[in-house]
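In order of appearance the chains are A, B and C, and numbering begins at 1 in each one.
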């Protein structure tokens, strides 16, 4: 049985990219770079200078459509579920490799679902069924697939959906348990694909639904490992050795440095007295987030997105493991700018991990009164 | 009071090793290695080339019996406890250093309890007593001991059990609280001994026992730090500098690369409709596991093995801290191969961390239906 | 409304330092160090030899008062709250940069609150108000401030309290939710300030208070990143590159190597049959603690200090995220020395992370009986 309304809810996830394709190649002078890397070892160059030399593999910048933005809009979320019966959803998820900027001047080849990081949020209800169509965009160059943590079955569906560029696979599954779950690419080099942005979230609401809130925001943290220093202009290639050492160049919220702040695409916005729910997914591939809202607190926290369990209350900082999620409720009793960070603070201070929630409204000096 | 039945239950833990002793020495040309390490710094050699040069300390391959396998059989577990009265157990735990392979062609000196990694699982009940005999095998070369997280007392017993090779110590203790607890070596260089495999689990069942399941599996994750790259043939020595940087060469389930898969000793096996309980211990010495079953979910999770607390339900990924445990229940509604991984996925993809549960039975297309 | 009794309780937090100021400068021969770092790369020198060369920035040892001790006394805690009505507290917190030793012979420039690490513990009750005066000591050289995780409002108060040396700022806030919360410096280079010691705890008791215990201890873990090897004599400068790689030189309990042990300032002391509560704060800036009491267990653990939630029981090892806290209750059924460690054991074995609780009293051989 297919419910068309639900089908429409989900169809927004088939994002079409505007593709200003750039095909320029930036071949590197590898020999020279290696030479200077060797001779200058120990000198106070940028940390990655030797690494860049040794990690480059002779590829130029790869071919892929160039896009202006990969950061998912945190407000682009399917509506909460209000029905009390199961439905079947037709959902299409498409992998799209794109070139975009981690921060201005820093280009990177992202691998994505739907051209965004994290990939489109899917929202279903325990007991629902999904007819999934997975497309590997014909402009891509590698095998891709999708592993859903919400699904019982080999590879969470990754074996069934594995396909080369230009092809399509189908998978049908039933949601047997509630929670917020990651989906991610799970080809043999899965850590590289996730470090390139290939992860998203499927929310399986419990049959009784979720508490009403005024706002919902969709966020994803992942880290990437490149052959240049953070902030160094140019095209950054993935650095496998740094990834094996779990020593990232960037730790990102929604795929770009400080994407959800006023200096990029704008802060998230609420008002005094509002409530919000954060759907947070950590792609990793390797790092655990110590997720914290500066100047605020998680009123309720469902660790690992395990919504069937009782939430913890008034949690200042909550781990979100790589390959896991968190659901967090917030109150906004005062006007403020709340900074969302990984409280492993060097990731905020040096690697780009920051989002902002702006709370507008009347000062509440009986609660918070700066004497400036 | 000694209960002989219980004594018999536990006696399986006194594993006798077949010891094909190898005494060949592979002395390294240290000077040459260092020279090339120095001159080639920055060149695109394997990541550990310089490290191998600097970490080697002139030892050849140490003397120890050579064995074919150290991976503990995940099914070799004492039976669940059904009695409703306390007993006293006579338990012998013996430390045995052995040479074995992390993966084919990669030799390593393991330090073990009972010749296996993780060491034999001990199973008792809250209120029971244990007469422990700790033997340090006479072929070993170092002091060893055992620290039980299940025990109140200095060092968890490590001070009382400390002894040189060829000697034996006794310790008597009562189990005062329930849960799944690690035991591990706790000599001054304890991180090196754990990185060499010296850890296991003691399960202290609550007085009401544990829920019935169809299968129980015993798993242990630890990481080791060597002076060669992962996969590089030859004898790998422990690399203390890499250990201090928490940058391991291998992250292993039951002590060997992909031990519990069909390419090594075989997958764990269940059938559709079965249930299973996983007893998981993370030795570390340093890394937290983000433990996940691909294509499945932890139906119930007792974080830290803290069985006196309520379990969390439908947890996709659960941290298991170094020096801690987890108890996880699983359902198998569909036939599949579920891959058990640390979802810090570079540890799976590059460092050997993988186990497989094979679920046989009839396809259940109403739940999972790949269209291949 | 100001409650003077409360004011007195808190006033102990205005610690005055005895300041044996040392102004000697140790200018480094940077050129020579870099040269040897470059030529010797790959040779088996101490791990940080090249790092020291490249990280030194030409500063000598900075000017700051020299003090003998920064480790906070774990017993220096405001009394538990017994009143059943809200009060207003006048609290002064002062930032003080000092030179002190991480371990004998190893000097470091600490940034602190009140001259101690962790900073003074503040203790209030849900519903209370605080009139905070933040002073940046005139001998300091940098901007400082304070971000309270217990506070709703921009920066947790860090924007309102930001001030240069010699100045004072005021902030008024109401405690809206209970728990144990970190406070820390939150200037732009906040990770450096926290790595230098600038963090502490505010406990917001629930309105019903906390269970009675015989002892309370106040502990803080943080890690620091320096340009020398652990144990290398001399003045250690902060190493930003190591901090970005989350590869610390020292991991410390109460700010100094093995501060709370008999070889430094003495162990914490209890007796058989006593109970204790540990207030634990992890400053980070980056590492998660896997906090464990060797030879003991957390009878109750409030993960993240989230006291509004149910505690977990009999937890062997508990994560405390950077920028978070834990509240732990302990029983002492036997005489022992319990070692408090981060069970990422290389941090204990190589980086200084250790505290001791000494439990005096009669042997209890029916529970723990070493046969020595």
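Convention: a contact is a pair of C-beta atoms (placed from the backbone, for glycine too) under 8 Å apart; a residue touches a chain by one contact, two chains touch by 3 or more.
All values derive from a computational prediction rather than experimental measurement.
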| item | value |
| --- | --- |
| For subunit C, the least number of touch steps when starting out from subunit A | 1 |
| Homomeric contact subunit B-subunit C: same or different residue positions, threshold half | different |
| Separation of mean Cα positions, subunit C and subunit B [Å, integer] | 33 |
| Subunit A: positions in contact with at least two other chains | 40-42, 288, 310, 319 |
| Subunit A to subunit B touching residues, read off their complex | 34, 37-42, 50, 53-55, 147, 149, 151-160, 169-174, 176-179, 181-182, 186, 188-191, 194, 241, 243-246, 284-288, 303-310, 319, 321-325 |
| List of subunit B residues in touch with subunit A within their complex | 39-45, 47, 247, 288, 290, 292, 294-297, 299, 310, 312-319, 331, 333-334, 336-339, 343-351, 365-372 |
